[in-house]
Every structure is written in C-alpha cells, then in structure tokens.
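Shared between the two complexes below is chain A, which has chain B as its partner in the first and chain C in the second.
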Partner chain A sequence: MADRVKDRSDMRLVEYSEIRFKYGLQVHKKVLFTVLCLALAVVGVGVTLSVGKFDIGFLESYIIIWNHLMGVEPTTLMGETKDFIVWDLRLPRAIMALFVGAALAVGGVVMQGVMRNPLADPYTLGVSSAASLGATLCIVLGFSLVPGLTKSAGTMVNAFIFSMIPIVAITLITRFKKTTPTMMILSGIAIMYVFSATTQLIMLYADPDNLADAYSWSVGTLGKSSWENLPVVIAVTVVGMALVSMMGKQLNILSAGDKISTTLGVDTGRCRVLLMLLVSITTATVVSFTGTIGFVGLVAPHVVRFFIGSDNRYVIPASACLGALLLVLADCVAKEAGATGLPVGVITALIGGPLFIALLIRQRRKVWN
Partner chain B sequence: MNRNQIIAIAAVIILAVAGAAVVLVTSGDDGPSDMDTTGRLMVYGNATNDDYLDNEDVKCLEDIISSGTWDKEASPLADADQDGSITEADVDMVKRLVNGESMTVYYNGYSGGDPAICKVKYPIVNCVVAGTNPAMILKSIGCQDLVVGYALGTSPDTVYFSDIIANGEAVSDSILKVDEEIFSELGTRTIITQDSASYIKNESTFVLSGADVVRIAASNTQDSLSSAITLGFLMQREESAQAYAKYCDDLLADIEKKLEEVDEKVTSLSVTMSNSVGGTTSDYYDATTRAGSINIADWNTTTQKYEEGAEWIHQYPAQFIIHARTLGYGEIDIQKTWTSNGELFSDTHAYKNGNYYILNGNIPVHLRVAYMAEIFYPDIFGEGYGDKAHQEYVDEFLDNLSGKYDVSEQFVGVISASDVS
Partner chain C sequence: MRIEIKDLGFGYSDIPVLKNINLDLNNPQFISILGPNGVGKSTLIHCLNKILSPSSGTVLVDGKEVSEYTLKDMAKKIGYVPYTSGDSFPLSVIDTVLMGRHPHSNRRSNEADLEKVYEILRKLKMTHLALRSFDELSAGQHQKVMLARGLAQEPEILLLDEPTSNLDIRHQMDVTRMLRNLSHTQGIMVIMISHDINIAARYSDSIILMKDGTVFDVGTPEEVLTEGNIMEVYGVESRIITEDGHPHIILKDNIPDEETLWDPSESSCTMPNTGCLKG
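Coming up: the complex of A and B.
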C-alpha cells in the first residue's frame, strides 16, 4: 500500500516536473522570441543608419558616429553634411522609431485587452483625430494654445493638449456612469467623428500650402525626430511601458471579462481607466511628435500572440520589441521610397495591411482570448 | 555752273538723302512693322508672327494666297479661322479684327494644363479673374477696370488689388474656384485664370453656359509677356500691354547686360509655397537662371516637397536659397515671416551662410528676377536695384498706387538674415 502511494506520489512528481519543464520551455520560447525581436530591432537600427537618400556607406556611417563621439571635426563641406545627416537626422530618427514603435505596440496590447476587442488600437479613444485637430488648428489657422511658439512647436503642443481631450472626456464619463468596454469604444468613435469633421471643415477653407502641411502631418512621419525631442518621448514611453508591464497580471484578468475579474478581486473600472490613461498619455506624447502612424499598434500584438500566445505578461514586452522592429524596418523603406522618401505612416499601412491579412489566413489556432 | 557749285549741290543732296534715311530708320518705332518681332501675340491671324495684329498681317496673308505657299514656320499663326488653309476668309477675318469688330477668335492657350488652340469671343469687354498672377497681368496692362469679379483667396492683397476689390465682387474664397451662381449674376462671359488645371476645375460648367475660360501662363518670364500682349489684344488694350512688354523687355535686357560682368556664377535653389523646391520645369527655376545663377535642381517635376528631416535637399548644397512667398504690398511681420518659413531650411548650407532669402512673390515675374539678381550679385547690381525697377513699375503701370506708394519705404521685397534678430 505504502509502495503504491509512493509510486503515485513519484508519478505526480514526474508529471509535475514534466509540466514544469514544458512550462519552462514555453517561457523560454516567449523570452527567446522577445530577445530575438529586440536583437533584430537593434540590428535594424544599425542598418537604417546607412539607409537614406543621401549616399553614405554602411561602414562610413559608423565611422562618422565614432568620429563624432571622439570629437573629430569634419574638415570638408561634404564631411560636415554627412556628419549632420548621420548624427542629427538618421540617429535620432532611428532611436525615435524604436521607442515610438514600442509605445504604439504596447498601446495596442493594452487597448485590445482592456476593450476585449481585437480591433482596438492606441487610437481607439479618438486620440489621433483629436491630435489632428490640434495640429490643423495651428497649421491652417495659426492658433496655438500656448502663445509665442513657432509653428512647429505650436503644432506639437496643440496636438498633445487636444489628444488629452478624449481621454479626459471618457474618464469623466466613467466617473459618473459605469461603462462597458463597448460603450468606451463607441464613445471613442463618436469623439473621433466630431474631431474629424471639425478638422475637415477647417481644411476645406485652407489654402493649398497649409492644406498640404496639415495632410502631411496627419499621415505620420519620423522626419521631425531630433535630439531635442527624443528625451521626452523616451521618458514617457519607458515610464508608460514599465507601469503597464507591472499591470500585466491585471490585464490578463481583465481580458477574461468583468465578471471573472470581479470574482478574482480586481476593481475592473478603476483598473481599466488607469490602463487607458497610461496608454493614452503615452500615445498622445508620441503622436504629437510624429503624427498618426497607423497599423503598428494593431498588427504587432496580433503577430506576437500568433507566436507566443495571449499571456499579457509576455505579450507586452514582446510586442514592444516587435513594434520597434516593425517601425524601424518600415522607416528604412520610407526613407528610400519615391523621389524624396515617404511618410512612414504610409509604409506601415501599405506593408502592414497585407501582411496582417496573410497572417490571419495562415493562423491555425485561435490565439485571441 | 562751275565745278565747285556742282560738288556743293551734290554734297547737299547726299547729306539730305543720308539725313532722310537716318530719320526714316530711327523713326521706325512709330510703325509696328519696324518694332520687335518676337512672335508673342498668340492670336491666330497674326501672320507675321510678331507682337501685333495689323495691316502687315493682312498683307502677309495676301502674299501667302498669291504665292500659293504657306511657310508654317515663318507664319505659324496665319490660319485665322482654323480651317487648315489660308484663304480670302482669313484675310477678311483679320481685316475685321484690325477694325476691332466682334467675332470668335482663336488663340494659343491651355486646356487641362496643356497647350491647346482655344477660342474666345472678341473683344473681351469684362471678365472675372481667378488667381493672383493673372490678376497682376491684367492690372499691369491697364485692364483693372474690366474686372467685374475676382477670386484672389481669403485674404487678397488689399493694397495692390485695391481697385479690383473696390470695383469687382469676390466670386469665391479660393484662388482656384469661381462660384457659378455669383458668376452668372455679374453679366460677364469670360473668366481669366492660370494655365494650371488646378484652377477652375469646373470649367465645363461655364463652357456649357456659353462662357469662355481663358487660361494664361502668368508666372514665367517669357510666357507671361506673351500672355500680357495677347490679353491686351483680346481686351483691346494693346497700347498699354505693349508698353508693359517693353518695360519688361528693357528690364531683362539691362539685367542680362549687367550679368556679362559676372566672372563666376553662384548656385541656387528656388522654393515656393512652404516647402516646394522648384525643379527644372518650375517658373522660379527659370527666374533664378535669368537672374544669373546656376540653379542646381536636376529633377524634371515642377517641384519636390522638402519635409522636415528629409535628406535629399542636402545633396544640393546651393549657395543661395530663394524662397518666394505671397507677402503682398501691405505691412508684414518680418520676424514672424522669417521664422515660420526659414525654420524648415535652417539646416541647409545656404541658411547657415546667411544666403537664405525670402522673396516677396506678389510682384510681376520680371521684378522677381531683378530682386534676385541684386541678391546674387550685389556688387554688380548695387543696393536698391530691385526697388528702383519696382518703383518704375508702380509709377508707370499701377494707377491705384502711382505717386502714392514708395517701394523702398513701404514694400518688403526681400527678407534676409540681416533683417531679423
């Protein structure tokens, strides 16, 4: 009898260790995927430094960076130009691509989880249309919420402040009325329509010059990246992602539905609003510097789930790395496309869309939920 | 009569004949046949292919008929009625045109942005104008009193266009559009606008109602003069149009002459709107080269957009960047204009070297060339060259500003780094 119990206990131990081993393997697979994406993103940054309309070789780019770090001044006009292009244009742009891609992808994960809707992305609450209105007001009408700024700075500040409006509106609604994710999405869509209509109204009366500028802003570009605006984007993105990562468990529970979440002791309303606020502030910051870059926030989380499943504790960092990689690669194409390059927002949509459809068709198992 | 007397009489006769010949030759300016023959009057029937439609054309047509040969290179505009041959009907039509009789005439214009043979009811007794450049031409050739409606954008230059604004009616908020209903109430049948297809996209609506849309090239040095002369003829203001053409010709000739002193040409790029860098087919490309610079743009499209952070412009390290903006004849916030336009170009070599200039583009294209020439070669053209030529233009051709507007005091033609803090 004792032997039989011992055998059973041994068998359980074996099963347990097998499960642990398998679980460990799965975790390793997830970590490996994340590390791989991160490594590829870093390699992508290395490549993008030598990609652009100005002809600078791969090794030459690194020599320029090395010389710049060592304080070696260029001696010729061409040397000065190359130094400016690599150091002041390409490097901050590449770093910006990393963080913006990560921020948008994490935003997508959170919004999809919180809203329990696979179509949600960081702009679902109307952040992008509100930011567009703010930017258009400054570009077309010269109206800046903070007087005395240059057109470029005014556009940025307007975009940020306006993109906070839908967030504040939805937060207020949730204070007075218990809201469901569906209601939040619908509120976001309603807000989006109001802002879009106002933007279009202004654009109707814009002169061609301003119209082109406003449209160009709305497409989304990394061209405005500079060393001056990088610290803000990096700080907000890192803090936002860290806080969201810390709430990975709660996000998992939220994704299971309000009833289960409440049963498990999660204050769904508070948790949802907190996560949305974090994502929206991060997205608003990013959008004010780059315009609306679409698709990364939608595609990256789905691709990640396809490979590593739906556990948000792993999906969040993996999506951040994949989002960064996608945007860095898309920006390589954007810089080379056309006669003068294209806005990266066009490329993410052009390439991301078909890729996403192909992925959905090839997908055999259900990873959502 | 002795030998000395004969020699004296012969000498007097020779001197008299020579004197008469000199008088005849030098007084040739009074007759159209002795003036320049640059072929800029683009109306069919201009058989002599010069700047005028007169009895010389009638004679030329008669010669073609009698000889039975039509040299199409020498007389490309001879076929007045556009039936493919030169007949008595063409002669009759030109005779009636010379007499100023009403009829439909054919001219070289534009359709869908491309050159085309167009027709218009002659004479144009009044019109609506859409676009700043065509409106400037109309004013320059003294046709402002014939403008009954205007499309000059939401904030037209109220100083330069004060007479057009006072006498006409706004037909839309955009320079590109004319409202059909307002147009129909103005009692005119002609719209004069720019050659680009972006202007008056609903042209077919006006044509269906029997109106004519006359499209002219108004922002190129040569084509704008051709347009001025052609419009002058169509609106029966030949004399003022010819005077304007002569003023522009003289100005360009003077610039060309002064440019002969240039040892080494400077390089340039031109920019219009907020960030459209002119290519080889751009009007501003033409203007910068006429001002004596080597424009280093090598793309064939009209413009290429330069967005913030783009690298391509650094492949064209021009010494000068001329950024043309619509600033007008009124007061300008120089600092704000400089900051809002120059910010984008602040990383270019031209800007860093103090050679980024904002040019007030609300002036005829020939004056733009004068201002640019002064920018490129200040030692040769001297300070105030552009303003001087401009003042002459204001006094000669702008009735509403003549004697009242001091260009050097009131007009901001160029904004440079030295003008701002």
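Coming up: the complex of A and C.
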C-alpha cells in the first residue's frame, strides 16, 4: 500500500517535471524570438546607414561614425558631406525608426488587448486624425496652440496636444458612464470622422504648397529626425514601454473579459484607462515628430502572436523589437524609393499589407477569437 | 465562512431584477441555485462578488459588507467561474489557469504557482491538455479550464454560473460530484447555478429555488424539490420519486396550452397585409 502511494507520487513528479520542462521550453522560445528580433533590428540599423540616395559604402559609413566619435575631422569637402549625411541625417533617422517602431507596436499590443479587438491599433481612439488636424491647423492656417513658436515647432506641439484630446474625452466619459471596449472603439471612430472632416475642410482652402506639406505630414515620415528630436522620443518611449511591460499580466487578465478581471482582483475600468493613457502619451509624442505612420502598430503584434502566442508578458517586448525591425527595414526601402525617397508610412502599408495577408493565410495558430 | 443577504434588491435602470432577497448561507457546503431563465440567478451571484453593486439591501461576507472589500481581497475570498469565456486572445491552458493565482501573487508567477496549477489540473484529469492552447479545446474542456482557474484562486467561496452547461451527462456528474467533494474535503462553500434538477438534487446539500427575482424556497433537496414547487416555479407538471435517498424528478408533458411556445392550432394567417387572408 505504501509502495503504491509512493509510486503514484513518483509518477506525479515525473509528469510535473515533464510539463514544467516543456512549459519552460515554450517560454524560452518566446524569449528567443524577442532576442532575435532585437538583434535583427540592430543589424538593420547598421545596414540602413549605408542606404540612401547618396552613395556611401557599408564599411565606409562605420569608419565615418568611428572617426566622428574619435573626433577626427574630415579633411575634404566630400568627407564633410559624407560625415554630415551619415552622422547628422542617417544615424538619428535610424535610431528614430527603432524607437518609433517599438512605440507604435507596443501601442498596438495594448490597444488590441484592452479593446479585446484584433483591429485596434494605436490610432483607434482617433489619435491619428486628431494629430493630423492639429498639424494641419498650423501648416495651413498658421494657427498654433502655443503662440510664438516656429512653424515646425508649432506643428509638433499642435499635433501632440490634439492627439491627447480623444483619451481625455474618453477618461471624462468614464466618470459618468461605465465604458465598455466596444463603446470606446465606437467613440474613437466618431472622433476620427469629426477630426478628419475638419482637416479636409481646411485642406480645401489651402494653397498647394501647404497642402503638400499637410498631406505628407498625414502619411508619416522619418525624414525630419535629428539629434535634437531624439532625446524626447527615446525618453518617452522607454518610460512608456517599461510601464506597459510591467502591466503585461494585467493586460492578459483584461483581455479575458470584464467579469473575469473584476473577480481576479483587477480594477477593470482604472486599469484600462491607465494603459490607454500610457499608450496615448507615447503615441502622441511619436506622432508629433513623424506624422502618422500606419500599419506597424496594427501588424507587428499580430505577427508576434503568430510566432509566440498571445501571452502579453512576452508579446509586449517581442512586439517592441519586431516593430523596431519593421520600421527600420521599411525606412531602408523608403529612402531608396522614388526620386527623392518616399514617406515611410507609404512603404509600411504598401509592402506590409500584402505580406501580412500572406502571413494570415499561412498561419496555423489561431491567435484571437 | 458566511454570506448574509439582507433585503437585497437590484435593477437595471428602472427594471427590477432582484427583490427582497434574504438568505443566510453558512459553512462549507454545496449549494445549487435553480430557477427558470431570467429569474435573476446570475444577477444574484454577481451581487455577491462585486461584479454588480446592489441597488438596495446589504450583502455581508464573513460579517463585512461586500462594498468594503477591495477587489483583490474579494478575489482571494470568492472565486468565480463564468458561463462563457470571453478570452479574445487565447493563452495556453497553464497560463489561463495561472491567471487565477493573480490575487495571491506578485508580478512574476513563481514556481509554487505552477505547482499549484499542476495539482489542480491533475485533480480535474486534464494534465494532458496543460500545454495546449485554450482555443484548441472543446466547449466542455473550456468549462473545465475555467473551473480550474476559479480553483486556482484558492477561494473560501466558489461561485459558478452553469459550469456544466456544455458537458455531456457523464461529465456533468463528474464535475458536480467533484464540486460537492471539494466543498466537503477542502471546506469551501460552493454555490452553483444549475438547470439540471436531477443532478442538483443528487449532489447538493442545499437548494435555492428562485422565481421572478425572489427566493421562492430554500432548503435540502427533499424539502425544496416538491411537485408543488416545480409547478409553481417552472409551470411544469411532474412527479417526484425518491431513489437512493435522493429526490428524482419525472416530467409530464401536460403544460397548460396558454403557456406553450408554439401553438399549432393557432391560425398562422391573421395579418391583413400578408395576402393569405384573401385566399
């Protein structure tokens, strides 16, 4: 009898160790995927330095950076030009791509989880159309919310402030009425229509130069990246991502539905608003420097889920890395395309769209219900 | 453990759903809530664990008013297993059950939590599903996973909303028996909403019979499940026989005509514009 009991507890131990081992393996795969994306993104940055209309060799670009870091002044005019292109244009642009991609992708994960909707992205609440309106107001009408700024600074500040309007509106609504994810999405769409209609109205009366400016802003470009812009973007993105990744588990529970999360001890309403506030601030910051770059935020989280499943504790960091990688790669193409390069927002959608559909068809794992 | 419900009322805007509910539930036991669709069974249990807040009256859990519990303390006290799963981005079975540890754990789920999850899965005989993704499972398995998640909360009180609705007869009995055993061996109060009168009668220690937002009768299965009560509450004629010491209900098909859903003797042609009246 005692032997039988011992046998049974041995069997349990064996079974548990087996499950534990395989579970550990699953976790390792998820971490590995993330590390791989991160490594590829860093390599991508390396590659993108030698990509552009101006011909600079792969190794040469590294020598230029090395020399710049070491304080070696270029001696020729050509050298000076190349130093300017690599150090002042391409390097900040590549780093910007990294962080913008990461921020948008994390925004996508959070919005999809919070809204429990695979179609949600960082712009779902009307962030992009609000930012566009803010920017257009400044570009076309010269109206800046904060007076005394240059046109480009005014555009940025306008875009940031406007893109915070939807989340503020929704937070105010939650004070009076308990909001559901569906209601939030619907009000986001309503906000989007109001703002884009206003933008279009303004554009109707814009002169052609301003129109082109406003339009290219609405597509999103990394062309305006500079060393001065980077610190803000990096700081906000890093802090935002760090806070969001700490809430991965809460996000898992939120996606299980309101009743479940309430009974598991998560304050659903507060948690939802907090997560969306974090994402809105990060997105608003990024958008105000680049314009609205679409698709990365929507697609990166899904691609990650194809590979590693839907556990947000891992999906958040993995999406950040994949989003960075995607935007760096898209920007490589954007810089080479057309006569003077294209806005990266065009490339992400143009190439990303068909690729994503191909992935959708091929995927075996069902990652949302 | 004790749940005291005093003059509880709840309504969605102006429509009252629960009226004057008074109950005093004590000790580890297995309680079934029975009653027709829409009488407020789910609403009642939602008022016990902060999913809904009552419009009137009070609910005390262990002498403390429910509204004074924090969500986290409530989650440690009362576990909840919903009727359907709203999981929109499915996790693996282990990770889904692991969620139930949330009220107890800090940020990272630790080794002890995994062991607890394994023990629960083993008791539910579903360790072979541990690493599968939630969406690959059948409806019955979904219910067992959600049950496992409720158990992982290690609650003193477990509320279940029709936990056996998607299970075949064998699994209904298995799960219900397990819930009864759980309440007796682990000292948990288990409150389950059920539609199967016979299974509830067989395993429950107490039955709460509800009608029109009120508690119609409370007591042991023998006390509550009478031919008169079934007629009053469900409008169904029945005969109760006792076998193995448990009441069994035998249904008779003579429901009064005015209450049937579809009356074949009724002419389908009563509307003037459908054209059928002309012919």
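Rule of thumb we're sticking to: the second predicted complex is superposed on the first by the 368 of 369 C-alpha atoms of A that agree within 3 Å, B and C clash if a C-alpha of one lies under 4 Å from a C-alpha of the other, contacts with A are read in each partner's own complex, and residues count from 1 in each chain.
Heads up, the rule we're going with is that a residue touches a chain if its C-beta (ideal position, glycine included) is under 8 Å from a C-beta of that chain, and two chains touch if they have at least 3 such contacts.
For clarity, every value in this text was computed on a predicted model and none was experimentally measured.
Three-chain overlay on chain A, with chain B and chain C fitting side by side and no clash. Judged by the touch definition given at the top, the superposed model places A:D88 against chain B, while chain C stays out of reach.
By the touch criterion stated above, A:G341 is placed in contact with chain B alone, chain C being left untouched.
With chain A used for the fit, chain A forms the apex of an angle whose arms reach the C-alpha centres of chain B and chain C; rounded to a multiple of 10, it measures 140°. Look at A:T150: by the touch rule set out above, it reaches chain B but stays clear of chain C. Touch criterion met: A:Y16 reaches chain C, while chain B stays clear of it. Of the two partner chains, neither chain B nor chain C is touched by A:R272. By the touch criterion defined above, A:H302 lies against neither chain B nor chain C after alignment on the C-alpha atoms of chain A. Look at A:A256: by the touch rule set out above, it reaches chain C but stays clear of chain B. In the superposition on chain A, A:K30 makes contact with neither chain B nor chain C. Per the superposed model, the minimal spacing between any CA atom of chain B and any CA atom of chain C is 40 Å. Contacts of chain A with chain B, set against its contacts with chain C after fitting on chain A, share not one residue. Those residues of chain C that touch chain A in the complex are listed here as 46, 49-51, 70-76, 78-80, 82, 85-92, 94-96, 99-100, 102-103, 107, 109, 114-115, 118, 122, 127, 130-131, 133, 135-136, 153. Residues 52-55, 77, 81, 84-85, 88-90, 93, 150-152, 205, 207-210, 212-213, 216, 221-226, 335, 339-341, 343 of chain A are the ones touching chain B in the complex. If you check the complex, the residues on chain A that touch chain C are 12, 15-16, 19-20, 22-23, 26, 112-113, 116-118, 246, 249, 252-253, 255-260, 262-267, 305, 309-312, 365-369.
Across the interface of their complex, chain A is touched by residues 153-154, 173-174, 176, 198, 273-275, 299, 301, 304-312, 314-315, 317, 339-340, 343, 347, 349 of chain B.
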